[in-house]
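The following block contains the structure, expressed as structure tokens.
Letters A, B, C, D and E mark the chains in the order given here, with residues in each chain numbered from 1 onward.
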């Protein structure tokens, strides 16, 4: 249980997917302009990450031990089609949920955080429960980073930021500062 | 009118809805070709990769267990250690090292746990005859460069594990304050990482020591293909 | 230091002890210049200008033409529609022109120009029409009478009073609240009125209470005017049943909503009028004008104006006939000092700058203040450091810091949708409190104008 | 000749004018994750180069046979195949570097630059152009990786390709090889790139203006 | 029909009255409030500390001067905020730090912490702390090598490490004392409260003497220079949280008393001079409470369970990052509006 807690805290804060592993940077830099959208995207991504962890575990346990060379291709294909399937079912079952979260789903599949999670989880030999915890932590961490970033960016919109600096360069620097602030979490719960 | 005309003309030429059979066939062909390529490269590199991995592992084991020339992998299943030859590693495996005369020397035990940044993987040699740790190697870590990475770069620190009694849990204390045999000097400025290594070793040791067979009844070195 | 005061708001003292509202600022009163100066009458001058639209609503319609002779107090323009009020001649004389004349803000507005008859006694002659007994009036008669009296809110807003008194059938007024707070620094005209004519104030209260059917009457006066309070109390009899409520000295205590909060501890919901919660709020000046009208038949032809500020030679409280050019009033008080840089009509917090000293005193002119370099040239504007002093100043709990930033970035929609800019009454407390000297109110005004225009366009 | 020079232009544009990192801001994830040393950056760059050029070649060669409806899936299969090839080759040939690059080699699949080039260019042009474009783009990507990796290694370790530059007394800027250093360095490099482009534009405008003035003067 | 009669008259709109405090004056108050702690720093750490303060101020001011537009420059210089940032950064540095690092830190503080955000008032992170976070991440060893507090006799002694060449390491000869927090975390040793109070302990230049920092803080509170809710929330949360941990894990000496928590490390300096930086803290009263509670919680969390002995720096930076969100969701209830 301690291990699970550590996996969660570690992926949420210490080894945040975005700020320490550079995964999911495209939406982090691209879609973080608005708070609402960022939060929803974060939730949707968390959902896909959990699905991914599940798929990765199934593939890893039942398929890849026989054909390890298919790892990459099978991850991509299976995750993409599962998410597609879920997207279609959400659209049918709950149009309102689809409206708030579902529209992000196809976008998320191409997010490297998804593939990254599958690969990290298998590299580390996580079991199902560990994998799901890992996915939850990663998703929560992604959402946290997204929301903080969006808050900061919304604030800088009305500030006096020089025109030359605005844009991706500025977002990267903000990300760097956030990443620097998150360094404070290093070693959290690992020393006691 | 002309617009419509153009459109019909264009559609008759360009957009022939491909039949689903065609879609499936093209996907299948692509999948087939890609499968062939992947399997080919896998076959081509399989041996080298296997050798690389084996060598890496062997080197690590030899490093933590001095004077060892042979090793074999032991798997703890059904309350006993069984020699395994298959690929792969998991947490329930350790290594036994043997001298050139194929006499048992000691175990190389792996452990992992949270470090300053991320999980640290440790391999350490253990002489059951003396109850001593005789070597330590960090297999994998993401500790801070210049600070935490001293756990494998600082040879003084690594050296402390070359002859360390582990009958009681090892303790990391501030540099220069070592009084007990089972204490080691922590790295200045990287206390957390030092303590993490010690904790991982203690944990792995406490997990494995009851599992190890009585002295004298260690598993015998079995014939191996590539040794 | 006032930060320490806000400690008290933490523990939210029992209401009885804390007759005030939350937030607000404590500007220096600057009232000692004129607080003890008795009201003086300004002598008549030769020329008067009566803009037709000096109240909120539709401008009045002239009923005289050039060359007509008018008596003091005679109707010269009649209300046009319900939200409009009458104008009366402030002097006996001749209509010399009806045309465009410069208004205080520098724009041109339709006005009636009257040349005073130098030989007239300028005695006000009570006309028969106004001698109706107010006690016997129906509420319709009362409202008509008030509209014909030309009385508007004399606190500064100049909103026709009769409109305020027309209560829809489904509503009932239970409380008459008389505003004697006079929270604007420098101004002492209401104060002097309460000191010198307390019995008229009380008389006005009685008239209005009867007409509105209010059960209770309260007069709110800031504690820094003890003389006003004691004078009112002196003339107060038990059967009048009027409450004199001393209020904490704090700006903007005299704002309608703040006054209601202070006295009844009720928050007037945004977008509602006081009458929606059974309260009618009137300025003391208005109350006195009512009493004068119903007792003596004198329409609103003169008002009390405080003349003060560091740029004035002889500060004074003056009775000025409406329409007197500002320059003449200033000349009476010894004129402006050399160093004067700006002249303000109204108080220093909410008043408006005067562009032309030949513009007249209006019904809503409560004070003429002259300021020098010292007051007008503050330190340069620094960037907002988000010190939140404006948040603690804003009695409406808006976020002025944010509004100013958004206003600067011209994000007016955000100001409206997320930060309720339209709820701002532009009291200026935020700007007063700003250490960075940011003209927050101006940003807000620009945004409000912009948003209103957009609304009109769409 | 004309076709040759334009094919050459396709290549050049990716190196600077349309640089995938500095201008299009693509492929951030490998860009930041593996550039803590120059050698890692170069290996990653080569791997990307191989994958992009290979898949562009294939996609452009077979573009007639690729049905529109399933093209994205096909591109991904092609890319993933190449990435698997690179992954195994590196594992066999350079195990040490493979260990450092870790999970980021398989993540080349998710590099939107590669898929983007297939969709935007290779599927619409013939093999020659497609390959030249891929060479240019991945070249540009490699330049960016290399620049970032060099800066971070030189400052962060005081070395270049593992060769010690400043002696043992050098105080390393540890943060440069940590995640924040990645973000900050790339941010500042982009800032510099923006600034440079802006200055260049201003300069060209000035030159054009003075030319015009000279012309007008001459006219008089 | 131009109005030429009163050419002198201004048409500046109301309100014409302004309270007396101005932004530069508020900055001056902070300078004054920092004086006692700075003086104590010089008393304990001598000329070396003075040099560090001067270089970090120089780094900050120079960067501001170089990177600010010409028309903005005069303003930017007159509000003295850059120098203040430099001083605050200097006060958080260890006394043995090579001077070039102090200069770099000052420069990064302003460059990364202020200039790119658009100057005073626009930055979302405390510049001084950003500079310190950068230095701590960049030179972890130099930034965690502490010298013991000396006496008046050592005033002219400068640590040889102070004078290291740019880009080169300092030689930390005699410097290797642990701070009270380091002792607590790694050696499980408590430092006497009286030492923490007076300041003769190892630590950053300006954070040693709790007493003088308290003086400065109380001065600022009285001058209304800082928002009282933030220190109140930090003190309450930090002491309650550490008290709770102490009660739960009583036997272990690793858990400090609330007083130790408050008076050790950079908590006081951070609370009074950095967390309360108006620019980077929430605007709304409720937001200030949340902000302070967040800092109090994070600082104790990092100190007790994190890898570092001190967490004030990161606690404040993290809450700075959350400030836009806090502000957004704690807008005050507008007068007369129900929700």
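Simple rule for what comes next: a residue touches a chain if its C-beta (ideal position, glycine included) is under 8 Å from a C-beta of that chain, and two chains touch if they have at least 3 such contacts.
Given the structure is predicted, the values throughout are model-derived calculations rather than measurements.
**Q** Moving only between chains that touch, what is the shortest number of steps from subunit D to subunit E?
**A** Step count on the best path from subunit D to subunit E: 1.
**Q** What chains do subunit A and subunit E have as common neighbours?
**A** Touching subunit A and subunit E alike, sorted by label: B, C, D.
**Q** Busiest chain-chain interface by contact pairs, anyone?
**A** Here the largest contact count links C-E.
**Q** Using C-alpha centroids, which chain lies at the maximum separation from subunit C?
**A** Here the answer is chain B, farthest from subunit C.
**Q** Select the chain whose centre, defined as the mean of its C-alpha atoms, is least distant from the mean of all protein C-alpha atoms.
**A** Central chain: E.
**Q** Report, in whole Å, the distance between the mean C-alpha point of subunit C and the mean C-alpha point of subunit E.
**A** Those two chain centres are 48 Å apart.
**Q** Taking the mean of the CA coordinates per chain, how far is subunit B from subunit D in Å?
**A** 33
**Q** Counting only Cα atoms for the centres, state how far subunit B is from subunit E in Å.
**A** Chain centres of subunit B and subunit E, defined by C-alpha means, are spaced 44 Å apart.
**Q** Could you tell me the distance, in whole angstrom, between the mean C-alpha positions of subunit A and subunit D?
**A** 24
**Q** Hunt down the residues of subunit D that sit against at least two other chains at once, touch-wise.
**A** Residue numbers touching two or more other chains: 73, 77, 80-81, 84, 88, 174-175, 178, 180-181, 184.
**Q** Mark out which residues of subunit E touch at least two other chains, giving numbers and ranges.
**A** Where subunit E meets two or more other chains at a single residue, that happens at 112, 119, 121-122, 134, 137, 140, 307.
**Q** Would you give the residues of subunit A that are in contact with at least 2 other chains, written as numbers and ranges?
**A** 69, 73, 159-160, 165, 170, 173, 177, 180, 183, 186-187, 189-191
**Q** So which chains end up touching which?
**A** Chains touch in the following pairs: A-B, A-C, A-D, A-E, B-D, B-E, C-E, D-E.
**Q** Help me check something: in the complex, which residues belonging to subunit D touch subunit A?
**A** Counting only subunit D, the residues touching subunit A are 25, 28-29, 32-33, 73, 76-77, 80-81, 83-84, 87-88, 102-103, 106-107, 109-112, 115, 175, 178-184, 186-188, 190-191, 193-195, 198.
**Q** Which residues of subunit D touch subunit B once you look at their complex with the stated criterion?
**A** 65-70, 73-74, 77-78, 80-81, 84-85, 88-89, 91-93, 95, 156-157, 172, 174, 177-178
**Q** For a test of understanding, state which residues of subunit B touch subunit E in their complex under the given definition.
**A** 116, 144, 146-147, 174, 186, 188-189, 191-192
**Q** Would you tell me which residues of subunit A are touching subunit B in their complex?
**A** Its residues touching subunit B are 6, 10, 14-15, 68-70, 73, 124-125, 186-187, 189-191.
**Q** Using the touch rule from the top, collect the residues of subunit A that touch subunit C in their complex.
**A** Touching subunit C from subunit A are residues 157-160.
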